[in-house]
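In what follows, a structure is listed as structure tokens, so that the remarks can point back to it.
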Amino acid sequence: MHRQLAHLRHVMSPLDLSVEELDKIMDLAADMEAKPEKYAHAAERLKLAALFYEPSTRTRLSFETAMLNLGGQVIGFHSATSSSATKGESVADTVRVAAQFADIVAMRHPKEGAPMVAASVSPVPVINAGDGGHQHPTQTLADLMTIRTCKGRLSDMTVGICGDLKFGRTVHSLISALVRYPNVKFVLISPEELQLPSYVKEDVLKANNIDYVEKIRLEEALPDLDILYMTRVQKERFFNEDDYVRMKDFYVLNREKLQAAKKDMYVLHPLPRVNEIAVDVDDDPRAAYFNQVYWGMYMRMALMYTLLELEVKEC
Amino acid sequence: MHRQLAHLRHVMSPLDLSVEELDKIMDLAADMEAKPEKYAHAAERLKLAALFYEPSTRTRLSFETAMLNLGGQVIGFHSATSSSATKGESVADTVRVAAQFADIVAMRHPKEGAPMVAASVSPVPVINAGDGGHQHPTQTLADLMTIRTCKGRLSDMTVGICGDLKFGRTVHSLISALVRYPNVKFVLISPEELQLPSYVKEDVLKANNIDYVEKIRLEEALPDLDILYMTRVQKERFFNEDDYVRMKDFYVLNREKLQAAKKDMYVLHPLPRVNEIAVDVDDDPRAAYFNQVYWGMYMRMALMYTLLELEVKEC
Amino acid sequence: MHRQLAHLRHVMSPLDLSVEELDKIMDLAADMEAKPEKYAHAAERLKLAALFYEPSTRTRLSFETAMLNLGGQVIGFHSATSSSATKGESVADTVRVAAQFADIVAMRHPKEGAPMVAASVSPVPVINAGDGGHQHPTQTLADLMTIRTCKGRLSDMTVGICGDLKFGRTVHSLISALVRYPNVKFVLISPEELQLPSYVKEDVLKANNIDYVEKIRLEEALPDLDILYMTRVQKERFFNEDDYVRMKDFYVLNREKLQAAKKDMYVLHPLPRVNEIAVDVDDDPRAAYFNQVYWGMYMRMALMYTLLELEVKEC
């Protein structure tokens, strides 16, 4: 028997949560971090089904840790080959089966829309834990919480986003989430081949009257930024070898370049990184990419707590 | 140190349990479903080793959930490639190792008889969680409990079994289990190529004086049935393409065909299904295949509780 | 937030622990075995990250069981393909991510030195759970504890080591650990091709003035031994087929050969075995290879307890 919920809700995109709801979840995550023992039994005997049709260490371990820290339990699978998918079972049937055992589902799937199919038949909340190039809402929650914690706010700042702005789902989600806060400007740093798609520029930035500029080189942009969000630039994305060779170092951050940045400009990256942030940046106090991992876990705790309609008494 | 047991018992086949024992386990499963908190600490600090040499999401998650719901813990592996089997370790040695850590073992293996080998050397109870085309006793427990819950009885009924009756292990086990209850008749629905093997007909049905008829088409059989057990019919099983094309729709259940069935004829399927039950049947109150998943978990709880000789006090 | 530690320590090799520390850990393991309930909540809400870049059922299940028996929890992955390694993440980054979630890390990796890289950046203790042909310290802890339990001492004995002494990492580690105890002699039994490397003979045995002899045949050596440590001899290691055919039975222990051994000569093997110990030896009271598995778990409990600086009150 599942936990009875007043409202069954799924989270497919970061925009499924209003700004007010997001603020509440961030406040909750901060409280969970400050007082973990208060929440240590909140989900006792409840279960998360972590249905990962493709490997994702960071996201899976984060969800699992979050459920364990709420006092709950975890079941699931780590890859399609260790699931019934190999026997031809549909995502819809798999989630219906999992929902016989679990109270909430986190689903990662290589195909866009798979978690939506799951949500359409699931009697328990489904959280999209990344569906192909589409959405990855809990990454965006981690990003927002990290920025809020580093800067003390989510408004009034200039956010640089650097690298592959064309295919990076985390970038599109982050932009869509940030335009809901007042006075956020963007500096979009990428090779021409990998610029932000026009539908994001039109439907998200221009439709909301958001200031933005586009740059080819990170160094030009750095001095003005309050936040720098780095992403990976893959060689295969370039039109030709010459362009790649000419520009690849434009999108690598290292300690030297970082000297040009503000003292309180924080560096984020959704990880895994390959070489786009040199390891000599790791010890800089502005390096916030492992903070994203840290806060991502608390945001997943807070999100599951919210969707499961849990309650704890103040001790 | 393992839990000391008065009687070390393994379950390789559903017939390892007498009708009286089965009835007790079903009563226990019903009580567990009604009062989960009563059993929530029964297996505290005891461990299940889930040794799955081939993937099986449903069965593995069901066993894991069952142990967690008893307050116990789970260790194990999900596929042969993530086990020591790749280094040439025998099943016997692997179970002896697992028994150093765990109090009970559930083993899934592609080879018939592997769990029997494990049981022959194991100091802790071993449950066969499916061995090739041979036996899958906890599936049968799930089937029986679902029928009992839906119909209120396991006797006095006409059971239709449809699809691949030749190779389907769940079908043979279910028939062997049901003939022990009074006045159960069978309608065996399959293409000629996939009829019930004669050793089952002779040794199980005829030896027990059980009424049965064989049919080629599901539609002909439907009106008389109290239970319809569907299984998958694979194209490869047919002798020739023509037969397959001519007959494949005979073994597909959909909402239209279901109109001919009794109002209280329940539909079971061991899952995963591919297309032999159309999704338009899912919302029909007679669709009981997800109930099998639900009850299967409680039957595994009750079985492990019994084999581990656990006890709880009435609160 | 990790548990605050007075001293952050990693264990890469068995020699990272002094003889005094080892003795303490063995005493602790013995106490844990005798009074498991005393330690059942010692690591409550602490987490082990089991980062296994290659499968190892025995070692992984042992670590997981150890953490569960301390009242803690486990997260992790079982193979490189289900980890972020497939996306090109470095071991250093993966451990930094895992350390956001967990309080201690056990790492298995096919490449020598990978756990050392992890330790160099990790804010939480890292235990090497086997790195290629290099080190596997918790196997050595299991070996030592088994010998101590069987014989009542780790000094004053003749230890035979049989099989592949050239490539066997467990053998090199065990020798290095045992030479620290007084009056331990070695009989090294192997084909010429697979003799102990000269750097172990020179740097470990001769440098410590340890008595040793080399033998070609197990039968010759058996009567003098107090401990026999068997390892696998792989066909591929031989220079030519003739040698292999001629000698392969020299390194197989069976019940018949065992008659020549002392009544209190215990047989160890790091497992998995293939055929180098016949199954007819398993029931002999001198067969101690499954005891190694048993004690290995308690030694991992004791090691993690020590590295995490845990404390329990005497009940």
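Order of writing sets the labels: A, B and C. Residues in every chain begin at 1.
Operating definition for what follows: contacts are C-beta pairs under 8 Å (C-beta built on N, C-alpha and C of every residue); 3 or more make two chains touch, one makes a residue touch a chain.
Keep in mind the model is a prediction, meaning the values are calculated, not measured.
**Q** For chain A superposed on chain B via Cα atoms, how large is the rotation, as a multiple of 5°?
**A** That rotation is 120 degrees, given to the nearest 5.
**Q** How would you label the chain B and chain C contact, same or different, if same means the shared numbers make up over half of all numbers there?
**A** Different, since under half the interface numbering is common to both chains.
**Q** Distance from the CA centroid of chain B to that of chain C, rounded to the nearest Å?
**A** 40
**Q** Any chance you could list the residues of chain C touching two or more other chains?
**A** Within chain C, residues 78 contact more than one other chain.
**Q** Note which residues of chain C are touching chain A in the complex, please.
**A** On the chain C side, the touching residues are 1, 45, 47, 49, 73, 75-78, 81-84, 86-89, 92-94, 96-98, 100-102.
**Q** Show me the residue ranges of chain C that touch chain B in the complex, using the header's touch definition.
**A** 33, 36, 40, 55-58, 61-62, 64-65, 68-69, 78-79, 271-274, 279, 290, 293-294, 297
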